[in-house]
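Look at the two complexes coming up: chain A is in both, with chain B in one and chain C in the other.
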Partner chain A sequence: MTATPEQTTATQTALQPVGGGGVVVVERKQPGQSYGQGIAKGMAVVIRHFAKSFTSRIDDKSDQAGMFTVEYPEERMELPEAYRNMPVLLYDDKTGQELCTSCFQCERICPPKVIHITQAKDPNTGKAVPAAEEFIIEYDSCMSCGLCHEICPFDAIKMDHFYELSTHDHLAMDQNKAALDRPISYYQAIAPNLWAAVEANAMKKLQNNVKRRPGNIGVAPHMIGKTQKALPTAAAAGAGAAAAARPKTPVAAIGKNMSPEKVARLEAIRAAKRGGATMPGESEIVAPSPVASGESGLHVAESQAGLAPSPATTPAPATGPVAAVGQSMSDEKKARLEAIRAAKRAQGGGQ
Partner chain B sequence: MRAMWEFFFGVGWLATLTSYLTITTAILVAGSLVMMLLTWIERRGLGYMQDRKGPNRVGPFGLFQPIAEAIKTITKEDITPTDADRWVHFLAPVVILASTVAAFAVIPWGNLIPVDINVGVLYIVAVSAVHTVGILMAGWASNNKFALLGGMRGVAQAISYEIPQVLSLVSIVMLVGSMSVVDVIQNQMDPYGNILSWHIFTPVGLLSFIVFWIASLAEGERPPFDNPEAESELVAGYMTEYGGMKFAVLFLANYLTNFAICAVTAGVFLGGGNGPGSDIPILGTLLSVFYFLAKSLGLFFVMVWIRGVVPRLRIDELMHFAWKFLLPLALVNIFSTSLWIAIIRWGAEQGMGIAEALGAPGSIARIAVAWVVTAIINVVAFFLVARLNATRGVTTYQATPTAV
Partner chain C sequence: MLKTEELQINIGPQHPSTHGVFRLMATVDGETVVHLEPVFGYLHRNHEQLGEIWTYLQTITITDRLDYFNSMINEHGYCMTVEKLASIEVPERAEYIRVIMSELSRILNHAAAIGFWLQDMGSWGTTLMFGFRQREMIMDIFESVGGSRMMCNYMRFGGVARDLTPNLVEQINLFLEGFPQFIDDFERLMMENEILLARSRNVGVLPKELAAAYSVTGPVIRGSGIPYDIRRAEPYSIYDRFAFDIPVGSVGDVYDRFLVRMEEMRQSHRILRQAMEQLPQASGSYINQAYKAASKQQGLRLPAGEAYCRVESPKGELGYYIVSNGGNSAYRYGIRAPSLINLTALNDMCRGYTVADIVVILGSIDIVMGEVDR
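And now, the complex of A and B:
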């Protein structure tokens, strides 16, 4: 390593060489530390810690002294609500209906690829039903990243607080759906605030899905036969309204109370903005839109729309994707849906 | 003891042999038990100093933890490295332990005195110096660079710190006028049970205590002077190639050395087993053992406390501290001790006619003058030496060679 002459000069002036040999003297005198005072201060600190360890515990992060140890098997630390260990599936306490619709979002995002879902099929028609037939997570390879919990549009997969999982049996760590199922009340107990934030939305979606589940499909295995087929209800009153009021997507900018003319104008503006950015065949399976969540037939319509490649490169109100929305809808509704989709496409195109 | 065995055997030499074997066994057993207690005190004490609990699972308060560890070390395989010098490697722990245990021969446990020899203080110093040989044997025989470095460090450190240690004891021997440990303790016995008669409560004794205590920490390889076994630099120093029971013996010797240091310090400076009621015939013996153990273990706690505070010294700082700080102080202390003796005891016959003016030898006025004079000398010496070291001892660094 070579240095420029400037650097050499700078180093020498900064360090004040003594003599010619590049030996520098660094003064490290600090007041109040000579003649053994420094050691005396240190000993005072240590004996204070020693004494406080008998009398107090470190409870608060600002505590500087006190017993730090939590004697694990007898004592346990209080886990924060957002603590995450292993993912579990939620089901409704009363009806046993699972929140999972086998949308495969978690399976897709899982970094170590330990989630394996089989979609349930209607035994009569052979068509897919929004429920999981089997749901397997390999706990031994799960890295507890929590991405499945974050991505889940139906709040069906949540991170458990249970951490005593050590075992000799590797294969027993593969958890099937029966082992993963937890009642909502369990999650509510470990994470009350987190559940309260999503409850209304999740229960609304569950209600919609349950309508399309024939027989016992989608019911937690151990709850079959113990409950009657009924629509699960959210604990909070006015769930739908609450969900609708919460602005989550840009679509919410188009208010429910707007006049049809205004909506149409907004829609036109957005369509102009997005230009021709939409890719052919763009999938639109997921529609967790608060505005549309009140419509019962929406999911069916949208999944149909998603199956068909959308050829629209220009917004055509009558012949575009809107045509798939449903013939029986009112004009106002169609306009709103179109606006939503346009906004989504704009979002997708912008990324 | 001897009389008891003579009664049973009726043979003089057999009775003598048996009685001393009994005493030796008692010292070894008590030593091992104390060593277990010391490791417990050290680990629990350090734990609480660091806001944690320390070993607390085996037995009440973790008191049986040392037993569990003894079982562990006993059941371990005894390994000698292929390239090691087998016999020296085997003998090193023996030498170290033997020299340590031998020191206990003259240390009185309160009123229980194993042997009272008239050069007890010299004997302790001489015998515990032998363990330096054991350290060098262990370091050399292991055929391992870390072990050798640790052994060399241990020898350099032990030899350097022996000098201030012995010189500080010289002051006390001068004060007492005898080298017998029992006499040293008796000298601190006050008829009124006053703890101010302890050596540590005189200016001379205090400085002597400070120098002796610091030097003894280095002799016993206690932090901050644990360079011979500096685990961050030398794995475990001269103990690197030892495992199982040999390691346990080295460990035992280490803690026994520490306990011997505490016991000697308690005896020489803190009055040993002296305390209220220690001169009552039978109960007093028990009380004196209690006082002795309380003082020794209290001093050991101070060792742990120091370990919790001070980081390890660099090897050159270690040497500077012994030769440039402790040694001058010990020499000054010998000077002020002689002044103390002259002022308190001497008269016109010894050429101290001035002292006669203060009153009879040992009078209050003489003691007061001696106190003031020695206190001034020692305090000035302390600050002067510290000051000189502070200005002389600036840290120098070799600047990075530039433009080469």
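And now, the complex of A and C:
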């Protein structure tokens, strides 16, 4: 290969000064006679960074050297509010009323067409009711684009932050309404600002829609029979349930300038808060949500997402107008619920 | 000289250094390449056809998946085309946010591209991770604005989906503060490395005339010495407001392309600095209020006609062509993908060099198969 003529010095010549700025010819380095010096220079950089990785962490975006990796199963990245993974449905904490009115906007906008909605009908009149009878999302084909939550006029469909969705059971990725339902407090915990921006509007619309829903239509399946008969109000469950619903993060805030003992202290405070705040919530409402009943939010999400091998995740055969019994319930509760349902069914038959 | 029999060898499609499912049919004479034929199409996903079925808004989500290293610029180009056809005004602040995101994408792409190129050259891991750390920081910003690290789905017709929060502005400023240190370290790491110089200098030379004849764009044509940059040649968005230099090479070899990318990162940083300074003074909202509702975007019907818009993607000229017949999805939707066109010059770049050089030359073009095959 013959040597090509090259610029040996730094040439900063403006060839075509158009607009604001010119053209720079990049400076080419010549292979010097001192073999190995360039490699040594590079190694010096590597060694400097290597040494720093033992002593410091990269705390913010201006830091250039230090430990950067997050040791995943033990530590977790703090997710931004806008983070989107899979869509979930919201329901009111107190009344269990779902925000969804089956307007089919999300089904229509969904690019991969994975949302399937059935509109609820009034069993007496046969007329459509602003509520979803069944709501299925094929999680396995969802592209997480977030258009459904962007278009939803009732703020009923929101993007979850739960990302540990891997499973061996491919078919279980089809999520029915029972598996998709999350309390508002759960979403409030993961995205407080985003929810605050839409809360007033969403709750107002929900109140109007609830008036047109007879019986238990539109109530989250596992909440049937456990709720107070009242119109939903804003910020139903309050801070207690919100704190309980927050996905458990072992380390408080990764990437923040914190010493380990400070993190531990903060963690202790949080744990105390979580424990303290759940109690009044439980006594007030009879298990307002599976989240508030002592389980961590992560586990609930896991079981609701149908990842834990539980038989309840497969949609139960439709025996009546009411949907399947929630999966995260004690046997005693299930029996009680069944009794209530049987009574209701008998009542309906008598009419 | 002894005449030896020519041998045809296949590199790929399942080969780690072909940057995806991409096959090279190389005819070699001993160790020297005499002919090289790129074979692609293994990652065809019917992108353009989907764009003709889905509505304009839905199609934004798949433009992310073209060149998945710079989804922001892909969206920018696509939204510009639709806006041009529908004559949608973009507020000033939205333009600034778009430029900020585009330039962050350029840094992200070049940091990763150089890292991968060095990895192809045998500098396993270390250099790639330097680039990847910076990429990760930018992706954190993307995650905060768009919701996803790579498939941002952030731009909308007439603006962007979400405004920059003060916290995010601070994050971007912090990133810009630390960036010069990164680029200096990155440069010191490899720039004078003897092995890099030996393997990249005068390898894969693409002469000026040939580069223009192949209509390659991006760092490949600039490395060959032609200062062609869409941001300068046909200023789109608000690029005419910023002072930046266009780096060009003098030889047109692999080394020049590497240097051009390094300098481009510095220039992107320069643009970002100016954009962040001017952002608070920018008037208007983050989106055109008439198109703020997602239902407005979804129901968008473009007047019959056609439009072509191009943007400077980190790989070169990225063009979108939309023909509308008045419906709510494109009648014809076509893409000029820079990776694909740059790849056509591969045969001429590789001829006469050794088999080991193929990988280095291919890495210097910086292709993404998602864009080549669509």
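Miscellaneous remarks
Going forward, the second predicted complex is superposed on the first by the 190 of 351 C-alpha atoms of A that agree within 3 Å, B and C clash if a C-alpha of one lies under 4 Å from a C-alpha of the other, contacts with A are read in each partner's own complex, and residues count from 1 in each chain.
The working rule: contacts are C-beta pairs under 8 Å (C-beta built on N, C-alpha and C of every residue); 3 or more make two chains touch, one makes a residue touch a chain.
What you see is a predicted model; the values in this text were computed from it and never measured.
By the document's definition of touching, neither partner reaches A:S141: not chain B, not chain C.
Contacts of A:P111 after superposition on the shared chain: chain C is touched, whereas chain B is not.
Put chain B and chain C next to each other and count what each touches on chain A; the higher total goes to C. By the document's definition of touching, of the two partners only chain B reaches A:I47; chain C does not. When both complexes are overlaid on chain A, the residue A:I39 reaches chain B and chain C alike. Shared-chain residue A:T167: touches no atom of chain B or chain C. In the superposition on chain A, A:S185 makes contact with neither chain B nor chain C. After overlaying the two complexes on the shared chain, residue contacts for A:Y83 are found with chain C alone; chain B is out of touch.
Of the two partner chains, chain C is the only one that A:D60 touches; chain B does not reach it. Contacts of A:E150 after superposition: chain C is touched, whereas chain B is not reached.
Chain A residues 3-4, 7, 15, 18, 22-29, 35-36, 39, 42, 45-46, 49, 58, 68 lie at the interface with chain B in one structure and with chain C in the other. Contact residues of chain B toward chain A in the complex are 45, 47-53, 56, 305-306, 308-310, 382-383, 386, 390, 394-404. The residues of chain A lying in touch with chain B in their complex are 2-5, 7-8, 11-12, 15, 17-18, 22-29, 34-36, 39, 42-43, 45-47, 49-50, 52-54, 58, 65-69, 71.
Of all residues in chain C, only 54-55, 57-58, 61-62, 126, 130, 133, 136-137, 140, 143-148, 151, 153, 161-162, 171, 174-175, 177-178, 181-182, 185, 188-198, 201-202, 205, 227, 232, 235, 239-251, 253, 255-256, 259-260, 262-263, 294-295, 298 touch chain A in the complex they form. Chain A makes touch with chain C in their complex at residues 1, 3-4, 6-7, 15-16, 18-29, 31-32, 35-39, 41-42, 44-46, 49, 58, 60-64, 68, 79-84, 105, 108-109, 111, 143-147, 150-151, 153, 159.
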